[in-house]
Structures are given as structure tokens and as C-alpha cells.
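Structure, as C-alpha cells:
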Amino acid sequence: MGFLDIFSSGRATRPRGIPHNERINALSDGVFAIVITLLVLELKVPEVEPSELTHELREMLPKFIGHIASFLVLGIYWIGHHNMFMHIQRHDRVLLWLNVLFLMLVASMPFPTGLIVEFTEGQLPLIIFFGTLAAAGVVLDIIWWYATRNRHLVDENIDQALVSFVHRRVLIVPLIYIIGIGVSFASVLAAQLMVIIVALVSIVPNPLDRFHSEQVQSTGQEGE
Amino acid sequence: MGFLDIFSSGRATRPRGIPHNERINALSDGVFAIVITLLVLELKVPEVEPSELTHELREMLPKFIGHIASFLVLGIYWIGHHNMFMHIQRHDRVLLWLNVLFLMLVASMPFPTGLIVEFTEGQLPLIIFFGTLAAAGVVLDIIWWYATRNRHLVDENIDQALVSFVHRRVLIVPLIYIIGIGVSFASVLAAQLMVIIVALVSIVPNPLDRFHSEQVQSTGQEGE
Amino acid sequence: MGFLDIFSSGRATRPRGIPHNERINALSDGVFAIVITLLVLELKVPEVEPSELTHELREMLPKFIGHIASFLVLGIYWIGHHNMFMHIQRHDRVLLWLNVLFLMLVASMPFPTGLIVEFTEGQLPLIIFFGTLAAAGVVLDIIWWYATRNRHLVDENIDQALVSFVHRRVLIVPLIYIIGIGVSFASVLAAQLMVIIVALVSIVPNPLDRFHSEQVQSTGQEGE
Amino acid sequence: MGFLDIFSSGRATRPRGIPHNERINALSDGVFAIVITLLVLELKVPEVEPSELTHELREMLPKFIGHIASFLVLGIYWIGHHNMFMHIQRHDRVLLWLNVLFLMLVASMPFPTGLIVEFTEGQLPLIIFFGTLAAAGVVLDIIWWYATRNRHLVDENIDQALVSFVHRRVLIVPLIYIIGIGVSFASVLAAQLMVIIVALVSIVPNPLDRFHSEQVQSTGQEGE
């Protein structure tokens, strides 16, 4: 096998998994694009007199913040999915279904977002919001675990340090959401602020980026 | 021509059909992404007092189940379409229109889903829901039949066993829906449960996956 | 220039136009996917008693037909755009804007469709519906005219017969719509039936398909 | 590494940045496609008697103009993003987040558009509309600034004149919007007319196009 790899332009026949994940990515990008756009669409233009518009828009401030927060947490997951599928090069039926499950959770986000935006002081909406996101994060990690198991859907030479790093990186997000659910029993406001912590953890560049970058460049898995 | 095929990297000029199905796939992925996202969007945030929210969400349980079911059945068809178009490498006008017809049935799913979710105990909504899905499944099979006829839109060396296998695999889904329509005359609830049977048949890995996988790897039809 | 073409894998540097139309196609596929899906979304689940559902759905029949007709006419334009951009291989600012204009007309279709579906017997809605479609068809032809002018955005060796054929093929559709507007002054119903004529003209395979097919295969413009 | 770059088909390993921006483009195209389609969807079919339809549609004229204007300004940004990402060939975490921020502003456009369409004479809606667009334009320019800094995400040999040209070209659009905000304090109508100026500046071909065209052809960065 190893010897013939030289002639098959880097994409060797491996025990399991079918190459070409383009459509998995296309479906996923489509779902993310629609969800983040629809989140904003939920913001209804207020039906008030022109003179009351300023006041009304100020009243909508919690809604704006809720939607921006949703946008950011979805951005985090899109980037996570994007980076993960730079390494996942093949698929099988189980991976397709895991990804559909992940997308189902992502696609459902307008509902929990609508809940926290309508019931800003409620604990239940926040638990549903955090719970959906935590479930999506866990499924994303299962995808990574499944794909890297025996390296059957990733590059055989992928660095074990990278595999572990991605796990930690992906899991920290749902972990914070689960902690947020716990915190919500003490203070809903404190739990809401945890979304900002997640955003900071994800936006600030970190050592994973270099790992990720070097790995992609050394294996060159999509190298044409 | 046959001799030169050796040098044209596996994509020989064949009697009919134009290569490059990327945009067919892109349109299809777009329609699927939108439909599965919109299904969830139909779930409206309840306009009740905060104290009634828990009760209200419990009331919405049938809706949640209905939408998850729709998500799964659409997931089945996306995966079916995805796997089928791994083998279909060329197109002509008839294939384009068959695919548009398939997408029209897929795009119409929010309406039947809305019907079964609103009229949970009715037989007519279930017949429309199953009927639309069965029609989509049959069109998907016609696409396969058309594409493999004389092998004019698939790889010439495609294994006949794979062709037959895909047919059986694709047709079992609408068949169960048609049986479900029959069952609905006896019991609507029993018919509803059949959606779960379809999901199980489709999610559990099976011999087709290995066929599919081996075929893709041996012909390497998108092999750059 | 001609001599060096041999070494530049078929994509020669030409006086004007930038290669890579992938994103033009992606944006266009996205708009089409959304529009055809949203058309169906306009169909609202009737809010009636279960016992009245059968009657209500029968009442909705003109709406169903209206949406299927819209779906078909959009399918025609997507296929036309698809086939045209198999030959258009480069772009410039003017082409980008012509395509944005075309997409604006396509994206606006839910509004005229809503009009003819709500006002089934009105002439004005039909004129707006046909007018929007005719405008889109004319813009599509202008795109073709612009791209083939001096061959500056298509393959230099494109067959003149094909260029003319595509013009005739594309223009026949808006022509029928314009005739339809005229007919609507005599009979709205007769004008409505003309949509079916357009569909038949477009769905039935014809000599263009062979031209198109042969041209794509002989020039192999996306040939990797 | 440096020596082997010669053999790696023009895509050399560079200090920072990961190749393959396909999914960034796919997500962006998706968001644009949805937003421009949803803009039109906001146009509700009037619920009036058939005899009042003509009058009602005439009443809706400001809405039509508002939506066409939104369509054009979004078209300008899509084309700007498209042209910019012809040169940006790699990405890192910061670029991904800058792009998500840009898309968030783009995705939010239906809300300000709804405001100016509902409150046609108000100054506040126009400030929000121009402000959102100006912010999107500035973020787009930051993306360009970030990507071309040390050339770390663009072609190393990119012409400095092109870099500056794109900056000027991109920044002129938000600049006009900011001037528009100032003008709105004097006259709302005059400020509204400035949208047309922006459109004219962007649609008319200009020297940048040639620069852009030549640069793409000489570096051939996506050259397979």
C-alpha cells in the first residue's frame, strides 16, 4: 500500500471510508449560512409611530444582544467544523449521519435563541439554549473521535498531539455551556455572561492554530 | 477513442452526457440545507406568560417529534442523493429535469410536515406526508435507472451488482411509505411509527456501504 | 499567444476577463435553491377544523398549481443559466453585474407568484408575473450576448452555430411570456395556459442538447 | 522546504496561513444568496380586493425602491468580497472571525432595510441603514489590510499598486455612507439619493478592473 501511494497522488486506498467530502461541507455551509441569516430575520421591524421608534429600538436591545450572541456561538461551531473537516478527508455512512445530527442541532438554534430573547429572565430558556449548544458541541467531538479512530477517515500520519488538541479545544465549548447550566440555578445573568467567555476562548488565537496550520501544510491532504 | 481513453485520466468521451455535475449537486445541497433549516423555523416561540412556558413546551412535544422525523427522512434522501451522485458523473437535459422534479418534492416537505404536526391524529395529512416522500423516493430511483441505462451517465465499468443494490436500497424507502399509507387505514399511530422503521433501515450500516465504498475506490471516477 | 496555449493547459490568457466563475455559480445556485424552496413555504398550513381539511386543501388547488408552475419556470431558467455558464469561463465587472441583475429578477419571483396565486383571475398579476420572467429571460440573453461578443468570456473556438442556437433557445422563453401578456388582454385563462407551453418547449430534449454536449466535449474547457 | 516549493505546483509553504478558502467562500456566498432573496420576501402580497390592487401596488413603490437599493448595495459588497478573495488564498483564525463579523453585518441587512422601507421619512432608520453598511465596508477593508499585511495570506508577489487600489476602492463605499449620515442631518431625501451615487461608482467599470484582471492572470494563483 505504502509503496503505491507514491503513484496515486497522495490519496491512498485505505481500509474504510470514501473520499470526497465536498458535499458534506456544502450541506453544512448551507445550513450554517441559512441559520445565521435567519437569526437576524427574527428581528421584526417595530410597528410603531415614527416618534416612538427610538424608544422602541432601545427596548429591543436585549434582542439585538441575544442575536449577536447566537451569531457568535454559531460562528464558533462553523469554524470548529471547518477546521475539523480540513483533516477529515473521507466519509462513511456513520459519519454522514453524525454530521446530519450535528446539523439538526445547529438548524434548531433559532428556536432556543427565540426563547432566550423572548424570556430574557427565565432559567428554562437558558437551559434549552445551553443544552442545545452543548449537545451540538458533544456531537462535533464524537465526529472527531469517530473520524480519527484508527485514523480511518483522516490522514494516517496525523499527529496524535493534534488529535488530542482538537478534542480539548472542541470539548471546552460544551463544557462551559454545561457549567453555564449549573450556574443558571444560582444566577441567570451570570450564566448569560458565560456566552462571552466562550466567545473569548474561541476568538483569541492559540497554540492549536499553529498545530493545525503545520499539520495541514505538512500532510497537504487536499494538495492539488 | 477507446485507445486514447487511457491517456485522458479516466474521463472518456462517451456517446451521451456532459461531464461536471457540480452545479447539480450545489443546487441540491442548497435546497436540502434550506428545507431542513426551515422545518425547524416553523417552530414558533410560544407567546405565553413565563410561568406557562414549561407547560407550553410540553404541549409542543408532538411538533418537536414531527420535525425531528422530517429531518431524519430528509437526511435519508440527502444521503441517498449524495451516494447516487458519487456514481453519476455526467448529465443531460432529462437528468437535469428529473433532478429538478426530485428537488420540487423535497422542497415541498415543509407543507406536509406542517400538516401532520398540526393535525396529529388525521389520516389525510399522513397520506400526503407519506405520498410526497414516496414520490420523491420513486423519482430518485428513476434518476438511478435513467443514469445507469446503457451506463450512459455513470462509469462504464460500474458493477451490475452495485446498480441493483442501489435500486433495492433506494426503493425500500418509498415502499415502506406506501405500506405506511395502507397501514394508516387501520391505525394512524401504527403508520406514524413506520417512519422510525425507515430511519432504522437507513441509519444502520449495511452491505451496500461496502459495495459503494469499494466501487468508488476501484473506479476512482473523480480521481484528481 | 496561440503557440503558448498548448502549454497552459487549455486556459489561455485572453485580452479581457478573469477566470474562475465558481463563486458566480455558487451565488446563483444559492439564490435559485432559496427561491424555489421559499415558493413552497408560502403555502400555509390551513388553520381549520380537521373535518374541514379535505375541503380546504381542495380550495388550495389553484395555489398548488401556481407554485408548481413557478417551480417549473424557475427550473427552466436555472437549467438555462447552468448550460450557459458551462461555456462562459471567465468574467469581468460587467458580467458580474449582469448576473446580479438576473438574480435580482429571479429572487423577486415569490412576489409575482404570490400575486397570481392570490388574485387568480386578475390580469395585472399575470402581467407582472410574465413581465418579471420576460425581463429575467432577456437579461439572461444579454449575458450570453455580452460573454460571446468577440468571444471574450467564452472559448475562442466556440461554434458560431452554438452561439446562435443558445440565443434562439434562451429568447424563445421570454418571447412566449411577452405573447402571454398580449393574450391576457383577450383571456387570462388562455394566458395562464401558456406557462405550460413554455415548460413543454424547455423540458423536451432537442437538437441544442446535442450541440451543447458535443461542444463541451470537444473543447473540454473545464477539463481537469 | 524552500527548494521543494518549486515542485509543489505554485503553492508554497508560507510562514502563516492555511490554504483552501473554498468553505469561507461557500459560507459567504450562502449568506449573500439568502439575504438578497429574503429582502424580496419581505414584500408581502397585499391583502386587498382585486379592484384595489393597482392602487395598492402603486402605494408599495417606495418599498420596491428600498428593496432594489438594498439589493444593489449588497451586490456591491458581494462583488467586492468576490474580487478580494480572488487574491486572498490562505486563512487563519483571525481571518475566519473577521469574515464572520462581515457576514454578521451583511446578514443583518434585512432589519435596517425594513426600517427605511417602513419609516421612509425618518432620519434614524437611514442612519442605522448607512451605519450598518459603513461598518460592513470598514470590516471588508480590515480583511484586506489583515490579509495583505506582510503578504501573509495573499500571493507574495502581489503588486503594491493593486493592494492600495483595492483599499481605495473598498473604502470609498463606506466613506460615501458616512457622508450620507452627515447629509441626513440636512436632508433625508438627499441622503437617500446617495445610495444611487454608490451604485454608480461601483457598477461603472474602472481602472481597478484592469489591475485586478492582470494580477490574477500573471500570478495565476488558482491555476489548476
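To keep things simple, chains are lettered A, B, C and D as they appear, and every chain counts its residues starting from 1.
Note that a contact is a pair of C-beta atoms (placed from the backbone, for glycine too) under 8 Å apart; a residue touches a chain by one contact, two chains touch by 3 or more.
Predicted, not measured: the structure shown is a model, and the values here were computed from it.
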| item | value |
| --- | --- |
| Copies subunit B and subunit C touch via same or different residues, half shared test | different |
| Taking each chain's C-alpha mean as its centre, the one farthest from subunit D | B |
| Geometric centre distance via CA averages, subunit D-subunit B, whole Å | 35 |
| Gap in Å, rounded to a whole number, between the CA centres of subunit B and subunit A | 25 |
| Subunit C: positions in contact with at least two other chains | 26, 29-30, 33-34, 38, 224 |
| Of subunit D, residues touching subunit A in the complex | 8-9, 13, 16-20, 22-24, 26-27, 29-31, 33-35, 38, 92-94, 96-97, 100, 103-104, 107-108, 110-111, 114-115, 117-119, 121-122, 124-125, 128, 224 |
| Touch list for subunit C against partner subunit B, complex | 25-26, 29-30, 32-34, 36-41, 43, 45, 47, 50, 53-54, 57, 68, 71-72, 75, 78-79, 82, 85-86, 203, 205, 209, 212-213, 216-217, 222, 224 |
